[in-house]
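Below is one structure. I have some questions about it.
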Amino acid sequence: MSLLEVEKLTVAFPGQVAVRETSFAIAPGETLALVGESGCGKSVTAFSVMRLLPPNATVASGRILFDGTDLLALSPAEMREVRGKKISLIQQEPMTSLNPVLSIGLQISEVVRRHEKVSRKAARARAVELLDLVSIPDAHRRVEDYPHNLSGGMRQRVMIAMAVACHPKLLIADEPTTALDVTTQAQVLDLLDDLRHRLGMAVLLITHDLGVVAQWADRISVMYAGRIVEQAAIKPFFAEPLHPYSRGLMGARVDVDADEHYSLNRLSEIPGSVGSAAGETGCSFAPRCPIVVPGCRLAPPPLIAHGERAVACPRVGA
Amino acid sequence: MTVEAELTDPVAGKGVTAVADVGNRAAPRRNRRLRAFLRNPTFVAGVAILSIFVLLAIFAGVLFPSDPQDMVAQPLLWPGEDMEYPLGSDSLGRNVLAQLVYGTRASLLVGVSSAAIGLAIGLVVGSIAGFFGGKVDILLMRLVELFQTMPTFLLVIVILAITEPTLSTIAMAIGLAAWPTVARLVRAQFRSLRESDFVMAARSLGYSRTRIIIQEILPNAMPPIVVAASVMIANAILTEAGLSFLNMRDPNVMSWGGMIGDGRDQLRNAWFLTALPGAAIAMAVLSLNLVGDGLNEILNPRSDDL
Amino acid sequence: MRMGRRIVATLRRTAIHAIPTVLGIIVLDFLFLQLMPGDAADVMAIEAGAATAETMDMLRERFGLDQTVLTQLVNFLGHIVQFDLGFSPRFNASVLDIIMARLPNTILLMATALSFALLLGIVLGSVMAAWAGRWPDRVLSVVVLLLYSMPGFWVGLMAVVLFSVKLGWLPSDSNMTIGTDYTGWALIADRASHLVLPALALASFFVAVYARLVRASMLEVQRQDFMRTAHAKGLHPFLIQLRHALRNALIPVTTVAGMHLGNLLGGAVVVETLFGWPGMGRLALEAVLARDFSVLLGVLLLSSLVVILANVLIDLLHAWLDPRIGEA
């Protein structure tokens, strides 16, 4: 059985639909990568799982089943029991996602004390252990530090310590390494992967970096303009991406080992931009698609299963 | 919509031709700006109330031709008791309504002229400090700090103890005490604009410093200064009211604060004598604050969209 | 440990910064004194009713008024260093003694009003921010804007009409009931009841200032990423606002509170006069009426020092709220 099942989720902002009828599932202990360009709706999808959408966004339809219960049907108080304890979140920007005026010890121990009946002192000791767990040297001293005393990579480790403090079943990592430099990036992702195995967590890894996906994910869901266009296990996906957009992404990707890893215009081989999807009645990718036919513009193509994988493109055979 | 467009078009048209000669970059935006002003309810409400006060101040002599200091009625009439004096009379039998209308003049006059003095000093000090930076800046900011440390109201009292309180000395004293806020604001604007592209361009064209300050930076630094000006007038009116309440006033001029001071002795039996002028002050200051808030929303659009 | 080091660093920085300001105020104070119409000898002559030219000269010599302005300034500075602000013929006491007798009352009034304004301003501002755009925010915004527009002394007078004249709940004059010898709690209750109305009148404007500021600053904080982090921990929204939002939002508020301290003391002049509160502000007005300018300028000097000291306290508060201050 799946740990998390998102069913036909649609999220709308005033005058704009950010996520359309998106469905995906994550098995216990699995890492699913949600991949796409910025603005394609991946972060919005993640925030709706936590029910932490901005106030002007609404979930128009769909269900989010976690361990069999629909998170969207929970009361705010019940939802608070889930957050931080069963599902936790790591955000993109470690510089701003920690509170600048509270010590990191307090910020870690407050999540422990929220979900477990422990004394202040015990929570503090846990904070030190957790800092140790995420390989922060000198943890017993560092626990008194404030975020501005730490480097970006260290801060992201603190975020991870906070997120895993109550042994959640699912960790949502929203572009956890985008703001970090290359070496730190690999260290943080190694740490995440290690903790996932040790603590038996599932990870929803949101990223736009296929290099990261290839190395650390079990399965991939490619998102384009609010819709999932392809789902597959890592090996078959990287062997042969099916959706024209996925192919474009792969073509645009520079090999992980190559020096040009951070070259600009990574997606330059795909003509046009996500913005061209606006006002499209059919397939959102049609304006940029190299194999588009007039039929593509009639209705959005459904996600069709091809064995273990699924593709939202009628032009692609298995 | 169409009515609004018709209303704004002639004015905007004039604006465009007028500034086209000077070559002001703000010209094409003017039309849209004006419409934004009219669409902001806070600003419109403020301007509406303020206009009433301005009209009252201008036409006080027409509305009440006789001297408001004259004793015309039976003393201590309550509002509504005698419809000839709808807001009653004070202990000397003076018409409260006439006093209030004449009091508008003192408040607005002192408010506007002291704000003008404060703005003038603040603009000069702030632009010099902000534009030149370095030692000049440090020195001038020290001076600003000095003036900001001294309690404003006490400073005004000290200045008025040196001179004698008349409308002009009161306005001067308040203006002299109010400039540091403007100076800080102008300095901050200048510091950020100093490095902007168009100032760099003007420098590379070899324009003189004075010309760059007056023609390039100042117009672009204006929006927050305009907002500050309305707040300054409001604060000056409040200060003036406090001064005249303490009897530091021009004895020949009717003022709201003075009315409160006079009415205070009758607080037990005729509290309306205190309440009415105070309400007038509050309304006048409120209108200016509404204008200020409205201007802030229009000129610095960083709305609270949460 | 770290806190202590930061406090010392903050104190040192503010102290170094304050010295030139204090000097500047003293010099300015002296210049004002020079500009005042007449001198101490004139005042005493008026007091005495008449004086011959010889006695006037003698008085001027005694007070050093016959020397050059520069010598007088040096003398003035020399006296200030010894905490000597001169002698007031009108009050027949040293200026410093007169002011010191009044200073505690003013500080009590100011501290009460400031705490009250901050407390109410923070509560109102937080409520407005929490319901931003909905009716509690709209209603409170109007109330706050009205408070922002009303003269504090008038608010005080209206409160006197309601609470003293109509309801008879609170006294409206002086700082204690005359001719009683309360002790213990009765004394404290008597003093406190006298403090309520003046403190309210003085605080009213600043309640509005802080409420508006806290609202804006709380709304700004809500957009920060760390607020989402806090929500993602499953914390109660109330705790999130209190622990995570408010502390950040208060940092700009303390800055502004520091900038308004001078205004608060200035407002005390009117409020103290109105309520017969025997403080420094009322002394200033008495000095103006008595044309005793050495006392008036002594008040200006002392109250500026109070503002500087209070600013040091605010800086410490700032350093306590914001761990980034005072490091490195």
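Assorted remarks:
As written, the chains take the letters A, B and C, and residue 1 is the first residue of each chain.
By definition in this document, contacts are C-beta pairs under 8 Å (C-beta built on N, C-alpha and C of every residue); 3 or more make two chains touch, one makes a residue touch a chain.
From a predicted model like this one, the values you see are computed outputs, not experimental measurements.
Farthest chain from chain C, judged by C-alpha centroids: A. Counting contacting C-beta pairs between every two chains, the top pair is B-C. Averaging Cα coordinates per chain places chain A and chain B 54 Å apart.
The geometric centre of chain B is 24 Å away from that of chain C, both derived from CA atoms. Residue positions of chain B with contacts to 2 or more other chains are 306. Within the complex formed with chain A, the residues of chain C that make contact are 2, 224-226, 228-236, 243-244, 247-248, 251, 321-324, 327. For chain B in complex with chain C, the residues that touch the partner chain are 142-143, 145-146, 148-158, 161-162, 234, 238, 241-242, 245-246, 248, 257, 260, 264, 267-268, 271, 274-275, 278, 281-283, 285-286, 289-290, 293, 304, 306.
Touching chain C in their complex are the following residues of chain A: 47, 50, 52, 79-85, 88-89, 91, 93, 96-103, 110-111, 114-115, 144, 146, 148, 159, 162.
Residues of chain C that touch chain B in their complex: 20-21, 24-25, 28, 32, 35-37, 132-133, 145-146, 148-151, 153-154, 157-158, 160-161, 165, 205, 216, 219, 222-223, 259, 262-267, 269-270, 273-274, 281, 284-285, 288, 291, 293, 296-297, 299-300, 303-304, 307-308, 311.
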